[in-house]
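Naming follows writing order (A, B, C and D), and every chain is counted from residue 1.
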Amino acid sequence: MASAQTSTPQRRGFGLASITRALNELTIVVGFLAISIYLALTTPAFLTSANILSILLASSLIGIVAVGETFVIVTGGIDLSVGSVVAFTGVMAGLALNAHVPVPMAIIVGIGIGALSGGFIAFAVTFLNMSPFIVSLAVLAMARGLAFIVTNGNTLFSFPDAFDNIGGGNLGPFPVAALITLGVFLVAGLVLARTVFGAEVYAVGGNREAARLAGIPVGRTLAIVYIISGALAGLGGVILAGRLDSAQPIAAVGLELNAIAAVVIGGASLFGGKGSILGTLLGVLIIGLINNGLTLKNVQPFWVQFIQGAVIFGAVLIDSLNQKRRKS
Amino acid sequence: MASAQTSTPQRRGFGLASITRALNELTIVVGFLAISIYLALTTPAFLTSANILSILLASSLIGIVAVGETFVIVTGGIDLSVGSVVAFTGVMAGLALNAHVPVPMAIIVGIGIGALSGGFIAFAVTFLNMSPFIVSLAVLAMARGLAFIVTNGNTLFSFPDAFDNIGGGNLGPFPVAALITLGVFLVAGLVLARTVFGAEVYAVGGNREAARLAGIPVGRTLAIVYIISGALAGLGGVILAGRLDSAQPIAAVGLELNAIAAVVIGGASLFGGKGSILGTLLGVLIIGLINNGLTLKNVQPFWVQFIQGAVIFGAVLIDSLNQKRRKS
Amino acid sequence: MANLLEMQAISKGFPGVKALSDVSISLDKGEVLGIVGENGAGKSTLMKILAGVFPPDAGKMQLEGAPFAPHRPRDALDAGIIVIHQELSLVPDRSVAENIFLGNLPRGALGAVRRAQLNRQAKTLLERVGLAVSPQARVRHLGIAQQQLVEIARALSRSARVIVMDEPTATLTTAEQRILFATIEALRDAGVGLVFISHHLEEVFEICNRVTVLRDGMAVETRSVGDWTEASLIQAMVNRPIDALFPERHAVVGDILLEVEGLAAPGAFSDVSFAVRAGEVVGLGGLIGAGRTEVLKTIYGALASSGGRVRVGTRDARIRSPRDAIAAGLAFVPEDRKGEGLVMPFPIRSNLALSTLGKLSWFRSILAPKRIDRLADKTVAELRIRTPNTRQVVQSLSGGNQQKVVLGRALTTHPRVFLLDEPTRGIDVGAKVEVYRLINALAEQGSAILVVSSDMIELLGICDRILVMRAGRLAGALPRSEFSQERVMQLAALG
Amino acid sequence: ADYVVGLSVATLANPFFQGMTKGVKEGIGAHPNLTLINTSANGDANTQTNQVTDLINQHVAALILNPINANSIVPVVKEANKKGIPVFTLDRGAACGDCQVNFLETDNVELGKEGADFIAAQLKQRYGSIKGNVVDLEGLLGTTAGDEREQGFATEFAALQKDNPDLKLIARQAADFDADKGFNITTQLLAAHSDMDAIFNGNDDNAVGAIRAIRQANRFAPIGSPKHIIIISIDGTEQALSAIRNGQMDGTLSQNPLTMAKQSVAYVEAYLSGDKSKIPAHQFWPHMLLTKANIDSPAAKAYGLWGDEVSQ
């Protein structure tokens, strides 16, 4: 390997220094900054606090889901079900609310059903040795189908304010959903980077056989990551339902691809063993920035997708050129 | 993994002896037979020649695209752009036809643009060392965007019959598209299983570094598989446009996921080095059978997705139990 | 009192192979048991059963008199049985420290990893095994020998009753080997029972108390070390006498075939110049991390050079990729057979065919399965690769036999210049002699051979000249007349 | 005689199409000699073609098609004609004229135009003249509904602008008929624009997103207040009706898929029983603007609040 020579310092230890160092490793940060600076210079409305909060708010659903996806991808797995699970858990929470279940219970229903669906994937992947791609694809279809079946295709709406505030309320100037998302990122970041469990997630993804030989409970680790991903999708479902004061079986179609993209933009590899929550945060924000820029600059709809693709390509291109440069 | 220890010779490596042996290794064939037999026994309309031809015809688009995807996946890559490229090449061929370009030229335009878009991915993956997931995702967005931009969002239609016949005509009792698809499968099957290039594809996916050190032109091999995938998506675009006598920028959304699913159901691993065209054929047919059965049995649309997911899960479950049994 | 460990009448079969039949061994506290045997004799399989990687088909085990039947590696670890497996099992993108404590990280409040403690303890362990890398370095950046030392450090990190080392020294140079032996002695004196597997018989004689010989999956004999002689041990292993470990070579040294001038690679080595002539076997010695692997890979076009020239024959060779190198008549055997040499899940025949697919096909495009089979059968026979058939995946071969597949493929391109990085890594004595014969034959046919080996005796035994590297530079060259371990060590360590 | 009728709707991703399916089912249910095979194409033209082919292979007596695209459906419609299967199109036609027995159409262009007119009227009421800042949240690009409504809105809006230079379109973005997308885009537009007067929405789901974004941004003001952001959309889903009733939304241009679908089944019935005289070749299905003022009026009831009915 050419990389063999210039060993970049690893991310270790606490405190600011370590975050700086971590950022330094995440070459995608350059792409992130490039987009931010461009928008700041060309769009007066960009650097307002309202706008920045709106980016965070708009990124909250994909962010929460991408956190779960990061755990899964670091183990070398994939969870394609998250978009459908967001829809399914949303309508289940909605059904619970319509049946006058108290708000906290309805939230638990949403998150719990998400965790269960993750548990189903976990079971198939660890005990039945099935491919996560296919299992989660099957769950993608099944959860979406169930969302239609249980609602009869209808939209559920008019939930109690206490519920809606989770996704759509504010705490002072801050959107509650954005605060929850930041909390999720913080906790997940600590878990993945600083705990024994996190280290085991990396080990399982980096070399599953080695992990097993070293006595790491591979099956349990895998099971937990899918359950985390499912539960976070459930949380996403609750937030989305609250934000829209309604739950639709068709919600969040294709969310999985965006979430996975954010994780991969953030430096994770689908082969496992690599990735970080900080990277995913950057990936999510890059996607959020692109969409924000497209809206602020009122880019004509026909051009939106093209530019989205081109900017993502550009950001990752900078990243890979950066990595090349650092190697030599 | 426990599987590392007791390895049955999987369909890896190259130069396989016979189709019988290959089928024998493809345990998914059991799932395929199970679905077929169930439908044959419960649905009188199933075993009619018209129905079987219609399954083949319905499977032709996903089949052609899945063949290209098989090459890519065997190298350990992924091509998410194929659905968008089908749409983009379709409208480009349509524009050519509307500009009174001769039919063969229009076909070449479609396939050629597909190959070019594959070439773009190839360039980014091999020279810029970018992740195929992100690059092809960016192309997914860009190609879709371009399809809107060049058509101004409009549907193109009323193509010459000679063009429409490719996707929608018959040769005797046989749909031309199905015949083309079978031809593509046959050629691709031979290329992947019996040629030097096919062997190189497997080697690159099995261990890229070892392949490189053994003198295999890794970059060239990777480049070719993406170009194949793009060109076949272009062929798919032509066939689809012909079949519908129209080309829409919104066509074939999400086709990539179905194509990749077919490849993975057919025994390929997203980690590379594994997979076969015969397996992909089975995967495509399983998906085709499920969709056909759902219509024939008049399954209510709300249940369709759930059952699709459940049957795919079941088929792959049989497969993995089968593999377990054979190991012990 | 019961023995520390008893393995009784263990049998194990794989599809097409009986790996172990009725093997019994025992181990005492404070003892080092050597296990030797040919490649594929069943040594690693026996140890994997002990480690709980897979269960035996028959037989049982006892640990201090109590029945012991691990269902998974974790059970064995919990029982204090630590196995350093022959195939390295590290997580490439994690730090050295984390790899050392893999599965055993110091856990603080809320499940947090105690980083400070981790790094401190890792540092101590690294010192104990003589590995001078930062605990925070990523394993991906380490050479294969350094990785081996990390594995050893991992074994030392756990409190053990039994430690098994499956060919720990295959890639180590003398310096690290000395440190390892000191460690083994300390462990032994502390009452740990050790199993030591090696194809270096002199090591076995030095460190072991008793030695068991396995042959064809059966335990042939166990004697205390004093009751074995090198000859009797080899006889027991291979069931035939071997006259000389290093067969004579009668090669005529001819023109320069490989000439390297001022070669450099960023961060690895610089200003390396030497030449190898037809019929010559040149060794490249040095300590771990001296840059030997990089020199070979740079010549071969696998790493980018930052200066210098490589000439093959009389022509400047523009080698930018391994493909160019092969076309120019070079062959390379990498040190890391699993990562760089083989496509592990592929059959033997596919692996052997990789470099010559063009020739094994019609019109250089359609595979000719018969030709592949012929090549595979021939190579398997020539190198005595032990396998039921050539469709066996290389993953299922014993380590030494895997190594032979790598070597075998290098021969298929009929190269004139061989770059061999640890070519006999993990190969048994009998097979080593065959490899040396092979090297001799190649030299006699006019090839030039450059060998990197950490086995100094091997270098001294088979080379015409030895180049010694130190810290990325050539520290000197020794002609055969000046060969001695001391001279090589001196150059390697002091320059 | 017993007849099997095949139905293919474009998608079920939206209550409108559920209404359509429900209408067909109820219509069929009312005729004991008809049975139904119903399918949904999930928004994909190729899937729809495959499904219709399967229906044709089963020799259905008639096809009710809700095409995804008027052109893409033509080959299978011709195929059906060849086999003598009559085709009835709903909401969207097949671009082959008399290849369909009846085409019951929604006039999407007109809906978009009326949306622009509604906004103009409201602004005139607010400012005395037609002026102000308007946002256009269009539907999913590439769908007939999305494109034609946009076309109607854009054309009419441009015409209005000619006479009213202070009427501004401050943003035009595609919210894809997706409430969450509508929410995100509106949230960001609200952050960027402190004065926004009205939002035109390609459908009710877009509007739901916009309404919720306004609430989250604390920019909600009741209808009639000068700070109120006018919300007009299209469809008349249950959630839109509710939002109109509780004053969060100004209006929706409703078209009734239930009655439209039932009418289509009635034509099928008539055709199959041999009475083809009363079947028009083409017919626009009427729509109705629903606002707080008329939503619970007898007129609205007569037209049909399908959104409320579908969820029953």
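Details
Please note the rule applied: a residue touches a chain if its C-beta (ideal position, glycine included) is under 8 Å from a C-beta of that chain, and two chains touch if they have at least 3 such contacts.
According to UniProt, the chain labels map to these proteins: A, B = ABC transporter permease; C = Sugar ABC transporter ATP-binding protein.
Here the structure is a predicted model, which means the values were calculated and not measured.
The centroid of the Cα atoms in chain C and the matching centroid in chain D are 71 Å apart. Measuring from the averaged C-alpha position of chain A to that of chain B gives a distance of 28 Å.
In terms of their C-alpha centroids, the spacing between chain B and chain C amounts to 42 Å.
Counting partner chains per residue, chain A has residues 148, 152-153, 209, 212, 301-302, 304 touching two or more of them.
For chain D, residues that reach two or more other chains under the stated contact definition are 12, 141. Residues of chain C in contact with two or more other chains: 53. Chain contact topology: the protein chains form a pattern that is neither a line, a ring, a star nor a complete graph. All chain pairs that count as touching, in label order, are A-B, A-C, A-D, B-C, B-D.
Within the complex formed with chain B, the chain C residues making contact are 14-15, 48, 53-54, 300, 302, 321-323, 325-327, 332, 334, 339-347, 349-350, 353-355, 357-358, 361, 364-367, 369, 372, 391-393, 395-396, 409, 413.
By the touch rule above, chain D contacts chain A in their complex via residues 12-15, 18, 138, 141, 170-174, 178-180, 183-185, 187-193, 205, 208-209, 212, 215-218, 237-239, 242, 310-311.
Within the complex formed with chain A, the residues of chain C that make contact are 51, 53, 72-74, 77-78, 83, 85, 89-95, 98, 102-105, 107, 110-113, 115, 119, 136-138, 140-141, 154, 265-268, 294, 303-304. Residues 76, 78, 80, 124, 128-131, 133-135, 137-146, 148-149, 152-153, 208-209, 212, 254, 257, 260-261, 264-265, 269-271, 301-310, 312-313, 316-317, 320-321, 323-324 of chain A are the ones that touch chain B when the two sit in their complex. Partner chain C is touched in their complex by these residues of chain A: 1-7, 9-10, 12-14, 190-191, 194-200, 202-203, 206-207, 209-217, 273-274, 328.
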